[in-house]
Amino acid sequence: MHKIQQTYTVLSNKKVCPRYYHLSLDGGKLPQNIYPGQFVHIRVREGLEPFFRRPFSVFRARKTVDILYDVVGQGTEILSSKGKGDRLDVLGPLGNHFALPDKNIRQVVMIAGGIGVAPFLIFSDYLKSHKAEKTLLYGGRTKAHVFDFKPFVRNGCDVHVATEDGGAGIKGRVSRLFSKIRKDPESTVIYTCGPKPMMAAVQDFARKHRLPGQASCEEVMACGLGACLGCSTKTHSGYKTVCYDGPVFDLQEICF
Amino acid sequence: MHKIQQTYTVLSNKKVCPRYYHLSLDGGKLPQNIYPGQFVHIRVREGLEPFFRRPFSVFRARKTVDILYDVVGQGTEILSSKGKGDRLDVLGPLGNHFALPDKNIRQVVMIAGGIGVAPFLIFSDYLKSHKAEKTLLYGGRTKAHVFDFKPFVRNGCDVHVATEDGGAGIKGRVSRLFSKIRKDPESTVIYTCGPKPMMAAVQDFARKHRLPGQASCEEVMACGLGACLGCSTKTHSGYKTVCYDGPVFDLQEICF
Amino acid sequence: MNLSVKIGTAVFPNPVTVASGTFGHAEKYYRLEEVKKLGALIPKTVTLHAQEGNPPPRIVETPAGMLNAIGIENPGIDVFIRQKLSLLQNINVPLIISILGHSDDQFLKLTEKLNKAEGVQALELNLSCPNLQKKVLVAQDPRATSRLVQKVKKVSRYPVVAKLSPNVTDITVIARAAAEAGADGVSLINTLTGMQIDTKSRRPVLGNITGGLSGPAIRPVALNMVYQVAQRIKIPIIAMGGIMNADDALQFIMAGAAMVAVGTFNFVNPRAPLDVLQGIKAYMKKQKIQDIHQLCGSVIAP
Amino acid sequence: MNLSVKIGTAVFPNPVTVASGTFGHAEKYYRLEEVKKLGALIPKTVTLHAQEGNPPPRIVETPAGMLNAIGIENPGIDVFIRQKLSLLQNINVPLIISILGHSDDQFLKLTEKLNKAEGVQALELNLSCPNLQKKVLVAQDPRATSRLVQKVKKVSRYPVVAKLSPNVTDITVIARAAAEAGADGVSLINTLTGMQIDTKSRRPVLGNITGGLSGPAIRPVALNMVYQVAQRIKIPIIAMGGIMNADDALQFIMAGAAMVAVGTFNFVNPRAPLDVLQGIKAYMKKQKIQDIHQLCGSVIAP
C-alpha cells in the first residue's frame, strides 16, 4: 500500500568505534530519493517487541543506504545483531531535509553532539561542490564516541573534536569549539543535531550572534508519517511533528 | 527462589529428521533427578514473545538433558535457532512420571504418535534391566517424521513403524501395529503418548482387552508448577492439572 | 464473492477500514490505487475549532501496545473541509468522518457543516476520547449517549455511528442506548485509559499524565466487547482494538463485527489494512464462503 | 532501610507479595528460605464449598499477556484450612487469605472459619472474579461493595482488603465505597474481561468463552487505576497488574501503592518476586531513600 515501505538486505553492519555501528543496506533505488536530514524508520524485527519502528537519520546514501547508530536499548541492540544477508522492513525516506546554503554563504558550520553527527556525512556529500568553508564541530562524551572522520575530511570539512573527558580532541563540551565559528550573520550558517541541552546552547549562541541555522530534532515516534501526531515538539509556532514537519526546523523556532 | 529454575548451556541442537530437532543441554546435576515422563519448561527467549514458557518431555537424561521437538510455531522456531553455547532458562524436572512396570510384566508396549515418542527413550533407558519384552509402536504422519530408532534398539526395544502415507514402515495409522500387543492383562502393560485421537484409540483397545496402561497428556501450560490451574484436563475423577497431577495418568482415567 | 457491507444507507465495498487517528497523509506516502481498495477511511477526529493538542511527550511504547495522549490535535472543521476533505475525496474511497463536539451544540454544528460538504458516506461520533480534560465521557453515560445520538440523527443527512469507550462497567448498556436512539452503527473500542511513570525522573511519561492504551495488548478486551454488544443489538459494529492481521480481523467478524479497522498497527506495518483485506478473501475462498455476512457473528458458542 | 508496611493492624516486613491464583506448591518447588523473604503471600482464592472450576481450555497466551478462566477451582475452606494453611504457615511468611463467597452470608461464614484459624494476617475479599457466571460483580456496584465490606469488617478479627475489578467505569467510586465502609485496604486490579476466537474452528478458545486478561499487556491500565485511587482514598493499596520487575513495581509504588504483587509473571519467571524486592532495595540505596514510605505516592504530577 505504501510507496515507501520496502524490505532491504543488510550488506554490512560494523562497529566503527566502541559506541557506534555503521549499517549498510542494499537500498535499490532508494538512495537517489534521499536528501540530507531525512530519516528511515526501521522495523528491527518481526513481532511485537519492540513495538514501534526505530527512526535513524540517513548517514550516507550513495549506492547503499547507510545509518550510524548507538546501541542504547532493545531496538538498537537487536539491530546490532544483524548481519550480511538479513532483511529489514524499512519506511523511507521520511521527513524534510536541511536547506542547502545559499551561494553567498562562506562558512557552513555543522555542530554535532554524539550520534547527532549521523546526518552530516550525507550533508557534506551534498555540500562538496559548495564553495563555502565547511566546519564540523563534534562533541562526544568519551573517546569511545569518536570514530574515523576521514570521510568528512575527504568531503572538504575541517573537523574539530571535543570530548567531555578529554580522551580525544580538546577537553570539554562542544561549545568550547564555538570559537571556530565566524560570527557573520550574512555569510555563516549553522546546522546542528544532538542532545537537547547541546542544541539549546547552539541556539543561544546563534541568537546572540544573529547567525541563521537549522536544527534536526528527535522525539519518540510511532508512525513516522505524520499520521499519529505523536512525535510533536513544541515550537514558537505551536506543536509540530518531528517526523513530518521536521525533523529539521529553523534553529530559533524550537522550544528546547 | 526456585529450586528448579536454572540456566543451562546448549551443547548441541540438531535436526534428526526433516521434522524433528534434538537439543542437548549441559544439565549439571539435573539429569540424576529426572524420571521418565517428566518434562522441562523452557523460556525460549527473554522478553514477552512468546509469553509463556514451552514444555517438553525429557527425551534423555544421562550426562546431558535432551529434548526432541517438532517445530510447530514461534516458540519451537526460536528454539531451533539456538546453537552451542546459547543459554536457556529452564524449569525442571516437572510433573510426575511413568510407573515402572512390575516384575511380572512380560511385555511393555510403548505406543507413540509423532513427537509423542519423546518420553520413551528415557523410559527405555530405565527399562534396560527389566526382563520384559519392550515394544515401541511408532506412528508418524510421513517419512519426514521418522528418525533413527537405533538408541531404542540398543535399549532392547522391538521397534515397529507405521506412517500414514506409507513413506516408512507399514502404511496406515499406528493402530495397524496393535497386532504386536499381547492381549494378556496380567503380563502386558501399555504406555502411550501422542495426539488425542490416537491415545483415544489406544484407550479403546486397552479397555477392550483389559490391558492396564498409562498415558502422557498435553495441554497448553502457563506455570508448569501446578500453581495456576490452567492446564487442567478432564478425567473421570474431575479436572486434573497436566503439569502437576500429570502429565502421566492412568490410561482409563482420561476423558479424551 | 460478496464483501460489501452496509451501515444504514451507506454501502462499503468491503469491511476493512482504518481507525480514526491512525492513518494520514495518504496523498504523500501511499499508492492511492492501493488505498482505494479499502472499504472506507476514517480520518482523525475533527472538532469545531482547531485544537493544538496535548503537550509532549504524547506517546510511549508499552508491552505489545502504546499509550497516546494526542488530545485531538486538528485544524477544526472548516479547514478540514476546505483542505483535507478534497485530498481524501481524490482517493475515491468511502469516507466516514469522525467528529467530536465539546457540547451537544458543537456536535450539531459539525454535522451541519458536513451536511453541506460532499463525498462523505457516514459520520462517526467520537463519544469516547479519553485524552481531554473531562471527568465523564459521553460514552460513559447511557443517557448522554442516547440524547446526543438522537439529536445528531435528526440533523444528519448521513448514517451515524457512535464510537464507544471500553472504560465502562457494561458496554452493552451504552451500545443499546445508542441503538435505541437511532444510531446506524457503533464503533468499538476506543482506547483504555492508562499511564506510565519514568522511575528515574518520577514523572508520568506522558505530558498529559494519562493516555489511551491501544494495540494488540488490548485485543482480547476489544473482542469480548464486540462479542457482548453483538449479542444485544442488531445495528452493525465497526470493530477495532489491536487488529494486526486477517486472523485478528476474522475473530472480530466472527464475534459479530460488520467492519474491522486497523488502528495502531498501521504504525508498525502500514501494509496491514491491505494484508487484512487479502487475508479475509483468502480465508473465504478456502472455506468456500460466498458472502461476508455468512461469517459475521458466526462464532460457535453455547 | 525501612521497607515495612502496614495494612490496618497487620505489619508486613516489605511491600512485595504475589497475586492470588498465581503462586502455589511452594513447599515442593521453592527454596522456602527465599520465599520467606517476601512481604506476604496471597494464596489462590478459597470459597466455602469446593469448586471444580471451568472446563478446559482454561488459559491462552495473548500479546504480552494471557487470558484465564480457571473458575476459582479450589478445595473449599475446610480442606484449605486443614491441609494447605499449615503448609503455608510453615514457610513463616505473612499470609493474606483471599476469599470469595457467592453471597454475603458465605463471605461471613468464610470469615468466621478463618477467625478460628491461626497464622493469618489479613483477608482479601475477592469481589471481582470475572470467570463465574454472574452478571454483575460485587466490585462493579458501590453499594454492594460497601455493604459487604461493612458486614465482613464487623466479624473479622483480621484487617480486610477489598479486591477490585478494572471492569468498571470509575474504579475510584468503588474504592471509596470500600474505604468508607471500613476496608483496611484495597487490592487492584483483578483481570480485564477478554476473549479469543480460534478462526479455524470458529469457537472461543476458552472453555468458558470469556476469561480475564492479565500480564504486562494490562500494566498501563492497572497503573492508572492505582494512581487514580491513590488520589482519592487514604487506605493502603495492594497493586498488581503486569508487574515483571522492580521498575514496574516502583511505578506502582510511586503512583501510590503500599504493596505490590507479582501475578502472571510468576509463570514466566518464578524468580520475579524476589527480583522485584532486590530491585526496590537497590533503587532505594542508589537514591538514598531510607524509608519506603518516602517513595509511596511520590510521583511528581501537576
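Note that the chains take the letters A, B, C and D in the order they are written out, and that residue 1 is the start of every chain.
By definition in this document, contacts are C-beta pairs under 8 Å (C-beta built on N, C-alpha and C of every residue); 3 or more make two chains touch, one makes a residue touch a chain.
Remember, predicted model here, so these are calculated numbers, not experimental data.
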Third chains touching both subunit C and subunit B: A, D
Far-end chain from subunit A, centres as C-alpha averages: B
Separation of subunit A from subunit D, taking each centre as the mean of its C-alpha atoms, in whole Å: 48
Geometric centre distance via CA averages, subunit D-subunit B, whole Å: 36
Cα-centroid distance, subunit A relative to subunit B, in whole angstrom: 55
Between subunit D and subunit C, distance of the C-alpha-averaged centres to the nearest whole Å: 34
Residue numbers of subunit A (touch at least two other chains): 48-49
Sites on subunit C at which at least two other chains make contact: 62-65, 215-216
Residues of subunit A that touch subunit B when the two form their complex: 47-49, 74
Residues of subunit D defined as touching subunit C within the complex: 62-65, 67, 140, 167-170, 192-197, 199, 201-204, 209-211, 213, 215-221, 223-224, 227, 242, 247, 250-251, 254-255, 283, 298-302
Subunit A to subunit C touching residues, read off their complex: 1-5, 43, 48-53, 89, 91, 219-234, 238-239, 244
Subunit A-touching residues of subunit C, taken from the complex the two chains share: 21-25, 28-31, 34-35, 44, 52-53, 55-66, 68, 70, 73, 215-216, 264, 266-271, 273-274
